[in-house]
Amino acid sequence: MSTRYERGLVRQAELGGAGGARERAYDALGDIAPDLPRLAVEFAYGDIHARPGLDAGRRELVILGVLIGLGGLESQLDAHIGSALGAGVQPREVVEAIIQAAPYAGFPRTLAAMSVARRVFDERGLLPVPPFIKE
Amino acid sequence: MSTRYERGLVRQAELGGAGGARERAYDALGDIAPDLPRLAVEFAYGDIHARPGLDAGRRELVILGVLIGLGGLESQLDAHIGSALGAGVQPREVVEAIIQAAPYAGFPRTLAAMSVARRVFDERGLLPVPPFIKE
Amino acid sequence: MSTRYERGLVRQAELGGAGGARERAYDALGDIAPDLPRLAVEFAYGDIHARPGLDAGRRELVILGVLIGLGGLESQLDAHIGSALGAGVQPREVVEAIIQAAPYAGFPRTLAAMSVARRVFDERGLLPVPPFIKE
Amino acid sequence: MSTRYERGLVRQAELGGAGGARERAYDALGDIAPDLPRLAVEFAYGDIHARPGLDAGRRELVILGVLIGLGGLESQLDAHIGSALGAGVQPREVVEAIIQAAPYAGFPRTLAAMSVARRVFDERGLLPVPPFIKE
Amino acid sequence: MSTRYERGLVRQAELGGAGGARERAYDALGDIAPDLPRLAVEFAYGDIHARPGLDAGRRELVILGVLIGLGGLESQLDAHIGSALGAGVQPREVVEAIIQAAPYAGFPRTLAAMSVARRVFDERGLLPVPPFIKE
Amino acid sequence: MSTRYERGLVRQAELGGAGGARERAYDALGDIAPDLPRLAVEFAYGDIHARPGLDAGRRELVILGVLIGLGGLESQLDAHIGSALGAGVQPREVVEAIIQAAPYAGFPRTLAAMSVARRVFDERGLLPVPPFIKE
């Protein structure tokens, strides 16, 4: 087991675990491409996510932006909204990050992402998200 | 002049001004669609960017992610890398945010974005970006 | 309730109502981002769709093109095919608009869009669409 | 010369000619893929654009939407803004069509498209586009 | 029935038939756009796929790349993974082709494509795919 | 220097060298993100491209498909058309691979890619590409 892989697994664990959905997705590839989940953990987490210079929460905000910009990746959005929460991003901040995509990626992708966030928050008992109160 | 427009202009000013490139792009639309820059300021900045609940720097990180995910928007990337710096995101953090896009949007779009960042940093005398030193 | 919001709702009503699917999608965001549907109605309908200078049917044809070009937005396509019909675009014209996307967006996205149109037309008892008869 | 090709050329001529830019682009492929422009004329114009059931101007509005949704295709946008004008779409309507893309494809692609339209209109002496006057 | 259509059908048959899913998708369009499947067979298969100069298997590898790059087209990926196998591409090569997309299109789209391949291989009794043995 | 990096460099050399354009692009990142070219060589070439199970030429055909599907990545297309030739793909086959993208990614992206291929072939003295002769 490479150091990169170990470092990637540690990073995933810090983000709250790969999550049931991701783990099942990885396991399901065991009889076709067992290398692919390993490559993802090594590169995406071991090489990149674990780099210093930007905290995990901000990295997840960038990833949410990328996924909304790419479009059509609801199951990945699901996993990364979970990781954002695991990295300490507050539910209200996740909501704002998704709304922030609207002027750039358009409403359709923004609404699709919010609907994924709603499902993740619901599973975790985080609804309703209290509206922001200006102090 | 609507309150939304004023609020949008204030927000843009807080981000270091619309920037020469953006201002020129807006001005150039004066004889074809003078409404469009106004709609962008009102909606993207007055309605969305100025919302509470997520600080300006994090909003710019989400926007960088969205633009890299969409692809092919170098001049907008240019403006938002400037806004990220204006919002207090450190050059090193901008670099890390772009690298963080690689496993999700792929290397080609990541390399294209880094090359825009290099140009912006060069114009602002921010090169070389010191490598991260672990304390 | 802002004038922009009211104008947006009026426009949506002119297009045959938000439609069951869209209303449910909007309602479902009530406990996470109640602002988002309001922002969509205000901006997409109140500010943009209700502008003079291009009739509602032609606006919906542009939107169909954008959604096919973006890809992966079947539920939004569903709503806008309904709005196109509500704006007086004939079923045959909707079919032709989707076919017109083929040389530009490729067959896969065109076929996906046609399959959404088929479902919308089926729900509204508009099938079969009579083939065009040259007079 | 196939009937499809002839029909495609006739259609292109009705739209005001392939346009200098497109013709040069086609010619430039003569020593690498002379078939490709022929395939484009046959399929995109002879098979699709020349179909009955939707007038040429509306077809061009769909195409503008598709190109804005796809992104990064400025030279094609240039040609099709010319074709839209050739099909009788008014400059003001082209402007409105592009603005209509903003809530769906986001501001960056909308602004990029408007800047192409400005260049096309400028070359044709169509600037400034008179603002819409409500009667 | 045009020669192009016949040639397209022959080519599809050589690739193992249009496949149940594709045939059903084509049939389902009979009451809305019976022309569209015909146009697809004529152009995509009769005009393009049947061209000399690149064998069918390599054509399918290009198509797999295009579909992964476009994103969100799982049912088309399903059909073309079947066609790749029909053209003699080995299961192990299909797996490698999908993994090859990771550095360019990113992991999310690559993982989504692999999961489609797994389903296709499962239906055809091709699992597990034996790991490559270096001779 | 990691084994992955060395293996990646060897692979790039087998493909005819990184090419002037790519080398210059990599060098230009030296004062902002010297890690990024290293990560690209290690992952894209050392981990992925150098894998057994699919020959280098077929890998480059997949990559051409991905880049055309993503769109807007002309400078990367330039480098990979060079790598395809370096891997022994014939100019005629590169042309056919690009034409094969038309029914899936649409003509605009196909034409943009062909125009990049023309420039690469021109620089290498490969024009005109002889039309395919059926034996």
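As written, the chain order gives the labels A, B, C, D, E and F, with residue 1 at the start of each chain.
By our rule, a contact is a pair of C-beta atoms (placed from the backbone, for glycine too) under 8 Å apart; a residue touches a chain by one contact, two chains touch by 3 or more.
None of the values given here were measured: they were computed from a predicted structure.
Common neighbours of subunit A and subunit F (chains touching each): B, C, D, E. Common partners of subunit B and subunit F, by the touch rule above, are A, C, D, E.
In the CA-based superposition of subunit A onto subunit D, the rotation angle is 180 degrees, rounded to steps of 5.
For chain pairs C-E and D-E, the one joined by more C-beta pairs in contact is C-E.
In the contact between subunit E and subunit F, the residue numbers used by both copies make up over half of all numbers at that interface.
In this assembly, the C-alpha centroid of subunit B lies 30 Å from the C-alpha centroid of subunit D. With each centre defined as the average position of its C-alpha atoms, the distance from subunit B to subunit E rounds to 39 Å. For subunit A, residues touching at least two other chains, in rising order: 39-40, 43-44, 48, 66-67, 70-72, 76, 95, 99, 102-108. For subunit C in complex with subunit A, the residues that touch the partner chain are 25, 28-36, 39-40, 43-44, 66-67, 70-73, 75-76.
The touching residues of subunit F, counted against subunit D in their complex, run 71-72, 95, 98-99, 102, 106-112, 114-115, 117-118, 121, 127-129, 131.
Interface of subunit A with subunit F (complex): residues 39, 42-43, 47-48. Looking at the complex, you find that subunit D touches subunit A at residues 102-108.
Within the complex formed with subunit A, the subunit B residues making contact are 40, 43-44, 48-49, 51-54, 58-59, 61-71, 76, 92-93, 95-97, 99-105, 132, 134.
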